[in-house]
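Each of the two complexes below includes chain A, the first together with chain B, the second together with chain C.
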Partner chain A sequence: MNIDSALQTFFAEAEELLTSMESALLRMDDGETSNDIINEVFRAAHTIKGSAGLFGLDDIVSFTHKVENLLDLARDEKIAITGDLLSILLPCRDHIAKLVDCAMHQVAPDADCLAAGDRLLQSLTPWLGATAAPVAAAVNSAELQKAVANEKDLWHISVRLGPDLLRNGMDPLSIIRFLNTMGNITHIATITEHLPELHDFDPEQLYLGFEISFQSNASQIEIENAFMFVRDESDIRIIPPRSDIQAYISLIKGLPENTQRLGEILVRSHVITQEDLDQALSTQKQQAKAQAHVALLGNILIEEQAVAPELVNAALDKQKKNQDRRVTPENRFIRVDAERLDKLINLIGELVVNRQRVDLLASALGNANLMEAVTSMGNFTEQIRDAALTLRMVPMADTFQKFKRVVRDTAKELGKEIELDIEGAETELDRSMVEKLNDPLMHIVRNAMDHGIEPVAVRRERGKPNTGTISLRARHDAGNIVIDISDDGGGLDLERIRKKAIANGVLEESVHLTRNEMFQLIFHPGLSTAERVTNLSGRGVGMDVVKRNITELQGSIEIDSELGVGTQFTIRLPLTLAIIDGFHVGAGNIDFIVPQNTILECVDLGSLNHVQGQSCVNLRGEQIPYIRLQELFALAPLPDSREKLVVVQFGDKRAGIVVDVLHGEIQTVVKPMGPIFHALKGIGGSSLLGTGAVALILDVQQLIGFAINKENARNGSLLASTQE
Partner chain B sequence: MNPLQKQKKVAGKAPSKQFLTFRIGQEHYGLELSQTREIIEFGGITEVPLMPSFLRGVINLRGEVVPVIDLAIRLGRKAIETQRRTCIIVVELTTNDQHHVLGLLADSVSEVIEMDDDSIEDAPSFGANIRAEFIQGIAKQGDEFVVLLDANNALSVRELAHLVEAELQ
Partner chain C sequence: MNITRKTTKSGTSLSVEGELTIYSVNQAKQDLLQDYNNFSDQVALDLHKVSELDTAGIQLLLFLHKFLHELDKKLHLVKSNEHVDETLAALDIAGHFTLEN
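Take a look at the complex of A and B:
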């Protein structure tokens, strides 16, 4: 473990803690007020502060420290958590997140960010000030005076660090730095006696110890917590202010170094006077002479324990509780680098492809035993593939969780009453897709709040409950994940959309569109959303970008809406983009793959009735527009081709793709084509065949768009570009 | 700016660089050895429809799908006609922290030469009829001139993508 990976762990942990902090704050906002929940928030802040201190992330420490103070007051029931306070605590959490983010990207927070932090702390002062602060301040100054008057008011901390700390990624300097955030180190001496000769020196080993005089109002537990991460391997002795001289003596005796030298350090740090020391040491000597040596040692031990047994116990208890809480999830989960998972999945992809090759070779040999073995190996390969893919799956819960916050804040800003209803948060989706799904979802939800849900007055007029509801629902459906975002707001005004489309030249007045096509118009980039963009929904993302993002994920988005009743968006996505079941076809001299889950059937093109001699066939009464790959991609035509029609469906649209040869089913790994081919439409990626040749994966959604456009163009509709 | 050019200025004393030289038609070209990954036999190329002529297709390089560029067309020459000695030079470029792997068609690969910076002459502003930013210098090898290509410019993925986009419109 090096410092870098320790830091990474800190960032990952901080992210989790911040999430749990947010969720706890939101639950408080919902009226939950148990001690547990306040503790949860406190613990999150406390742990982040502690770990950040360890890494010397001072910005995080100082800010979080203040927030923690406030939470501490709440924990002691000195202040009540009110809605007002939550409205500050939530942004405080965000600010911590921002600071962590800055640290992660190794940039210093900019002036704006720091100013925002100061403002937040400023707004916390009424709470801090109203109750504890004056008292604390009084105690502070009183103690401070005493400290000046009597230097024995200093804590004394003896630290002998474990030799492996550096190797474990700990930096003693950050502990000391962290101590300084809790108080003031008045004197520090470094114990270098254990440093070996140069030729024995191991630069990765820690040989140092420290004797620290520390002036602080912190409790012993708090000071001990500064050493939380190193305590197990190190020897930490803490002597509270105004302890008996005997405590110092036993400390000196208990430590492995030269007694005289330690005594000098203590004297120099003004913890004890030379007189005290001499006196104590001589009494000890006399005692030692008089009594058995063992007794003395026992004495020392007792005294050591006597420092504050109840404090120690309290600290242990607390530590244990924290550990209990953590043990459960840690036992069940292992943190794995996402890159390693990706690598595994890539390898399994290769395995799948190679298996197909073995399949081909085995069937060519025609050896029954071999075939059987290959088939059973194939089954396992498939299972491994499925199992590996689930490794990358994460529940939608985290994503949905974010919206709780967004809805809460935005509703307040808008002066509306909005409730977020979440269903199917446990539904899982490939991690890489979840990340890309965030922005489109956010945009739709914001839109729903901004334009969908009506103001309370209007809702009352329409006989709806005051509180509007936005629902996020996720579910699995036949190898896809389906996410519904619905609201019970005003709904889409089709007439207005139509008028605007005509005004903006997107639509010709004479053209008649189906309901569905009208809805799809709102994804048209030409349908200016300027009028609708407020600082809320306008994050520079229009509905056209939403559509594009979803399309990039090989997904589709549909709308259903009724004026005055509400709107529902339905997003449909494949579960993963890494490996697909495909159908291998050929057109011209190129191999293509059609994703299996889009295929309805394959038929001989020649056997079908063509509609008016156009690229549209009649399939059992249904008109299916089709497109020839050979024409679309300008491929060399095959002589004597008996063209086949592959009927595909995406969402509720159907179309046919005309190919020359049908090869059969194939499991295939999706290989991105790279940025050079970005502009190429109709091809979604590439893949390797069992023979090692490259096949191109068809982007069925785009092809259906092409086929329908072609028909529409013939019919004079201008919907064309929305199908892009 | 090419990091190597930068290096040249800082170092002062001529450091030497290795180049892989190859032949397209009658002309000799060189690529920095550090940017080349391997040389493979020509074959197994899959055509990608609707692409401009310099983009010959894609190959399967041990599981990686790699586009293959006909450098001759890119440099404004006649397309390479494949024959027995035709090969693909696999080039690895890093732009904006992104790795791009490309295959380059060549009529044949010659050798690896070591040149110190002093013996590399600046690209002539005339005569070579190759865009100046594609060339980082000219080296003399016996009687032959070797055009040392600036791979980051000559094979700029961004520019290639733009050309593809233009072709499709």
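Take a look at the complex of A and C:
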């Protein structure tokens, strides 16, 4: 296994473990107190420490070790985990996360960070001191991490050969001879334990293994390559010089043979000293309880071992654990680099475009069989596309999880009682969007806590329960994901917003705004209604950034609020930005694409009743403002155009887009517009058509805004700058 | 490959001639162990005339050693050649086939 990729695995694993640790701590904070939950926290700390030790990440090891000690005491019910202790343990978790982060970016933690760690450990002392004796149990762990100092810089190579190698014409002896040309084998032990009884012994089958100490300047890759031809069938483990003793212990534990015997081999080969070995083995025994759940990383080794014959009791034991692990959920997942997924999705995007080209060519040829084949291919292409897109979907749960912590900490800081209510955490969203959604959500939630939820005294006065509630709800709604963030706090004071906006020069005093327009004012840059600036919010930067971020994701944000009752933000986002179903239209001689999920209907413009003197039609009694693409983008008008009206909807707003030609449905791969087009309004992206022509993808939300504003302006109402 | 097995009053001796490799180990196993019940406590091994020895051959010798050891019999190498010595040394197993005293 390549060290780099193992290290990446460690980071990913640590992140997951830290998340589960946090979630468990928070559940404890909610009053849950079972052994399972303490175990969960302990295991997370223990596994991180163990794995960090393998990679020589000493900062993580030494800090996590102390935390683990404390958790061990809690597991043995020597101390109780109280709210006070949780208030230290949560920051401890954060500190571990910080250390892991430092390791990931290959920087040493700075002095501040280390000092903060020391302070945290200091504050743990009262609990650790509560019982003096049990601390000794874990003391040796630090010893485990000690790098093995052998002056010769010996590699250790552990080789268990595949049974069929000899029959396949391989001669492992030649590998050993080859190693001797790369360096110097200082010690070799031939493992004969697997040689069977007389009648079972097949001379053409290979039963041998080797433990090799190797002195060489060769790189790990070079050494690995020596085993290139036998690697697939065999179990080859290579430990670089100056590794932690933990690495050797893992090796011993990982191999099927008798622990004692392997230990002796290592001692004899001068890789480790007898002292190291004894100490390590006894420490391992003390930690056996924790080992009940073998470190996840160790898992990989055990997995490999599943093919070796189960000879020794120890091996049988591990085998059993191995089987137990099989059914646990984490093994049903495969970790995949996000970049690879993106590459796959890009390729599928290209496939979709090419399919359209084949489509066009086939219909031009008019061969019925060919067209049938193309249609069924199209069917599968669509399915592949959908399946590929779901690969990138992640549940909102992780994001929501973070807020539990934020709400808990902030509520304490503010001296308020706030509960977070989460619904629809299993709702899935494109991963790239989840990441970008984090900050806006965080800001809204913080705002709700800071300004929304009233202090306890005020709440009592208003006849509300002492504990305020903030709810996060996610759900799917017709190709969109909708996230509601609501609180039962004070609500938005429209009069104050209005005054503030006038004071800040955002609004003319004479202008009348609708309720909705007033709410949208809070997204205006430089407008904050908080009377007191706290370190959380109220600096007047933020809500405009929230709006911008959401808009960048092709989404919308709406507010509903009632003074004294509460506020609700509703964020609407498309499920993915990569590939969409579109409707191909033409205006002037330019191709446009309207996202399919925004379209309500298409009608002939000429057949409709126009509202006198306005860009507005009466559609079955409803006034629909519209906008002409040809006018908006100043395109050359087509002669004899029979204009069509495409009625679109975003959120609860409707408008019409007037085009010259309707071409039909089309699958579209969205290519983002280059930075020089950022100022261009009304266009969300571009796409290649099957013919090779470029089509512009309309930003329906903005177009609806244009149409409505245009109408409002004509009506003499406000053209609010908040309405983009 | 040719194997000679002799059991005399002075003990059992096994000698291998030719190549002891993957191509001959099956035959060698049969020939070497055909009447192991009659082997004396000390079994002498003559590899002087072995022309080639590979991992399969080594494994067979190791098996022989282990098997006889379980029957409380001792296998020791009495005659060898450069190639055999070098191979045994490469795997550090020469010790298996020497007399302890």
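Criterion: the second predicted complex is superposed on the first by the 509 of 724 C-alpha atoms of A that agree within 3 Å, B and C clash if a C-alpha of one lies under 4 Å from a C-alpha of the other, contacts with A are read in each partner's own complex, and residues count from 1 in each chain.
By our rule, contacts are C-beta pairs under 8 Å (C-beta built on N, C-alpha and C of every residue); 3 or more make two chains touch, one makes a residue touch a chain.
It should be emphasised that the depicted structure is a prediction, and the values quoted were computed from it without experimental measurement.
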Practice task
Once the structures are superposed on A, label A:341 by its partner contacts, choosing first (chain B), second (chain C), both or neither.
Solution key: neither
Practice task
Please work out whether A:189 is in contact with chain B alone, chain C alone, both, or neither, and reply first, second, both or neither.
Solution key: second
Handout entry: Larger contact residue set on chain A - chain B or chain C
Key = B
Practice task
In the overlay, answer first, second, both or neither for which of chain B and chain C A:671 touches.
Solution key: first
Practice task
Check the residue A:679 against both partner chains and state whether it touches chain B (first), chain C (second), both, or neither.
Solution key: first
Exercise for the section: For A:207, select first, second, both or neither according to whether it touches chain B, chain C, the two together, or no partner. Expected result: second
Problem - chain B and chain C footprints on chain A, overlapping residues - result: none
Handout entry: chain C contact footprint on chain A (complex, rising order)
Key = 166-167, 169, 171-173, 176-177, 180, 187-190, 192, 195, 198, 201, 203-204, 206-208, 210
Exercise for the section: Sort out for me which residues of chain B touch chain A in the complex. Expected result: 44, 46-51, 55, 58-60, 63-65, 67, 100, 157-158, 160-161, 164-165, 168
Fill in the blank from the handout: Seen from chain A, its contact residues with chain B in the complex are 346, 350, 353, 588-591, 632-635, 671-681, 683, 686, 688, 692-696
Practice task
Would you mind writing out the residues of chain C in touch with chain A in their complex?
Solution key: 22, 25-26, 28-29, 33, 54-56, 58-60, 62-63, 66-67, 87, 90-93
